[in-house]
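Notes follow once the structure below has been shown.
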């Protein structure tokens, strides 16, 4: 296992700039996700790390040594593809053994039939078989070794692809959305298995995905990418609680963060739809702001002049929680509040309700998307809540 | 019902123009009928027995096997090579593809006449060029030893484009991911990529191309008729030409029908073999 | 395959090899054109020169006057066009019935189509010849067209395509009041355009270039399609006059070649798709 350094990588395809000066450091033994929407360049970055794609500028280093001049097979990386890319005409055993055969047997030794008779061939092959068997047992696919990929289910193929990557014990594992072709239940199950595997092996993994819940549950750190740039790198919790950009805040978390249009006065007062909800220190000039409030931060209360009021449009029952969709006057989009189901059973569509949130949990974003890190004046505690009777 | 009205004409015609004539061929093969004769007699399998000892038919049959045995691998090999080379690079693909497919599109009868000019012993381009290069020359179409070979070259020239086009389609169907996986696994030399990914993935396509080209080659007629008429001394006689000559030149239609039956059996066997092999291969993909 | 960015050496090797094979492919065409514009004196002196020292289009004049080449081409158009139209008109409804309607013995009928697919037309030449003789249509356009109006391959190809069209489209059309025949020609065929193009390409190429059956079916020069016409022309000239022969060959080969070059995509895609189905 080794660490991975990505230093100012840029890449364009023709006139389109895919990656702009991307830098990232992955620690030895870390599970790092590259998270972002389709087209943001995450797969391209992964392929550049693997050596399948050339870069226009910048450098990649694995375990401290630069690999830019090296071909993929010399970089000591293994890759799990979205489509698994298993050789359909080889058995599972051959699929997993191939990387070892390519490296340890000479071309003559690899020849069918004849190759086995050459000196050294037998012991090398025996070694390979042992290692393949070990990997197959670890992944519980030993009974499948004699079959061909066409005879396997999606989940089984996925494990074979993992096995093929694992058997080489590479410095870095690269995974390109490996779970996206599986059904939802299998996906959740495989997430846990891959994470456990990583911890057992102490492997360094770079994991590309567009699924934020996948990234959040599996990663030590997440790098959020959009339009060829890394917006933020951090532990899942940090990304969730302290996003540096409105785009990161919207991408991470489900249901997505509520965004409210607000105005900041020179005095520091923050008003939403005409109602002042608080004031902050160190403001700067008066300007429009966007407030970001997570659904679980909002409490539903009695409507009152002192609070933000909204009209309930829709209630979603999730069993343990309830999602309340409510429209605030003057706001373009409805907000979603997540509340416990017990008190919520009295809230109904069409009702007018009041909304409350602890100021400490409200995020402020400038017009250009950057987060405004400011302290709220007054107490940081939530105001007492009154339940809807 | 509407369905009957829609399908009726087609199946009636199918019966009249394909199935009935097919049965008729089998029946005629069992007679001694001559085209235009008033009477015929059933002679059982006599025609087939005669075929077995007929030196012309035996020569023709052997020629066809040798011909196919040479032309089919050469066409497939060359077609595959050209397809691989075209796909390997980015420049001028459409141009090369068009050039190599052109002979397949050109009316063979007309191009046969052109080849006759090319192979002319004195003023033909081939002999002139060979002479200039110090290579041996011959009267290609009139010499017993070279006539069949000359026809074989023309056949490869014509069918290469077909093989190439089908291989191109097969190559395009190979998922690029497999090559990436091979690169990472260590099979990144061209020969390793070919052995690990390209060749195995082309298996079914290759089989298909083999049968298609083999069928076309076995059905060679135009060049034989126009250039050599099977000669000299049946050196370039091929099955379909022999069939034609017996049935329509010599008017020994019963005998010719027996040849047609043999021909049909060969073609059917090839096609069914392909279907079987493809089926079995598909099972494991 | 994802074509790699080739090293200079590899790219040169690629072009060198492909140019060599291209040369082999093109030499007959080049020689044909070359001889067609050379005067007789030059043709019969042994030279390697491709370009004539004196251009002469007299060969074309002679070719066109001594034989009915334009007539041959016209026959090709008439015969191939008629065959294709009739094939579509006859085979498409049958394919539709096999694909979408409840027909008694449907599977058996499809098996019959598959069997018919196996039989090469040369095998049937003899009985078909006798049939045409009885019908009295020998040595006429009818004889050239009749044997091919039903194409098992056409039924097969169209059926495969029609099967991929959702049944709901057919139901909607019926509700709109279309007759079954109307459905075939106004709904199914337009939706299966790739199959129609593929089939058309294969059918026209096959019948335009067919020598075997026309050789049997017609005698009059007036009716000869291009391959037969060329053969007749060559037999007339009998080994002597390459000039007009090459000019004639050029005129015969040109139409299909030019159409191919203009519509390459169609031909190649059509052929590939037809073959893989």
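We just call them A, B and C in the order they show up, numbering each chain from 1.
By definition in this document, contacts are C-beta pairs under 8 Å (C-beta built on N, C-alpha and C of every residue); 3 or more make two chains touch, one makes a residue touch a chain.
Because the structure is a prediction, the values reported are computed rather than measured.
Steps from subunit A to subunit B, minimised over paths through touching chains, total 1. For this structure, the chains sharing the highest number of C-beta contacts are B-C. Taking the mean Cα position of each chain as its centre, A sits at the greatest distance from subunit B. Subunit A and subunit C have CA centres that are 56 Å apart. Distance between subunit B and subunit C, defined via averaged C-alpha coordinates, is recorded as 16 Å. Contact residues on subunit A toward subunit B in their complex (touch as defined above): 47, 50-52, 71-73, 77-79, 81, 83, 85-90, 98-99, 102-103, 148, 150-151, 164. On the subunit B side of its complex with subunit C, the touching residues are 1-7, 9-11, 13-14, 16-22, 24-25, 28, 78, 81-82, 85-92, 94, 96-103, 105-111, 113-118, 120, 122-123, 125, 128-129, 132, 157, 160-162, 165-166, 168-169, 171-172, 174, 176, 179, 198, 208, 212, 215, 219, 221-222, 225-226, 240, 243-244, 247-248, 253, 256-257, 260-261, 263-264, 267-268, 271-272. Those residues of subunit C whose C-beta lies close enough to touch subunit B in the complex are 1-6, 10-11, 14-15, 17-18, 21-22, 24-29, 31-32, 35, 43-48, 90-91, 93-94, 96-98, 101-103, 109, 112-113, 115-116, 118-120, 122-131, 146-147, 149-150, 152, 155, 179-181, 184, 205, 208-209, 211-212, 215-216, 226-228, 230-231, 234, 242, 245-246, 248-249, 252-253, 256-257, 260-261, 264, 267-268, 271-272, 275-276. Interface of subunit B with subunit A (complex): residues 175, 177-178, 180-181, 183-188, 192, 196-197, 200-201, 203, 284-285.
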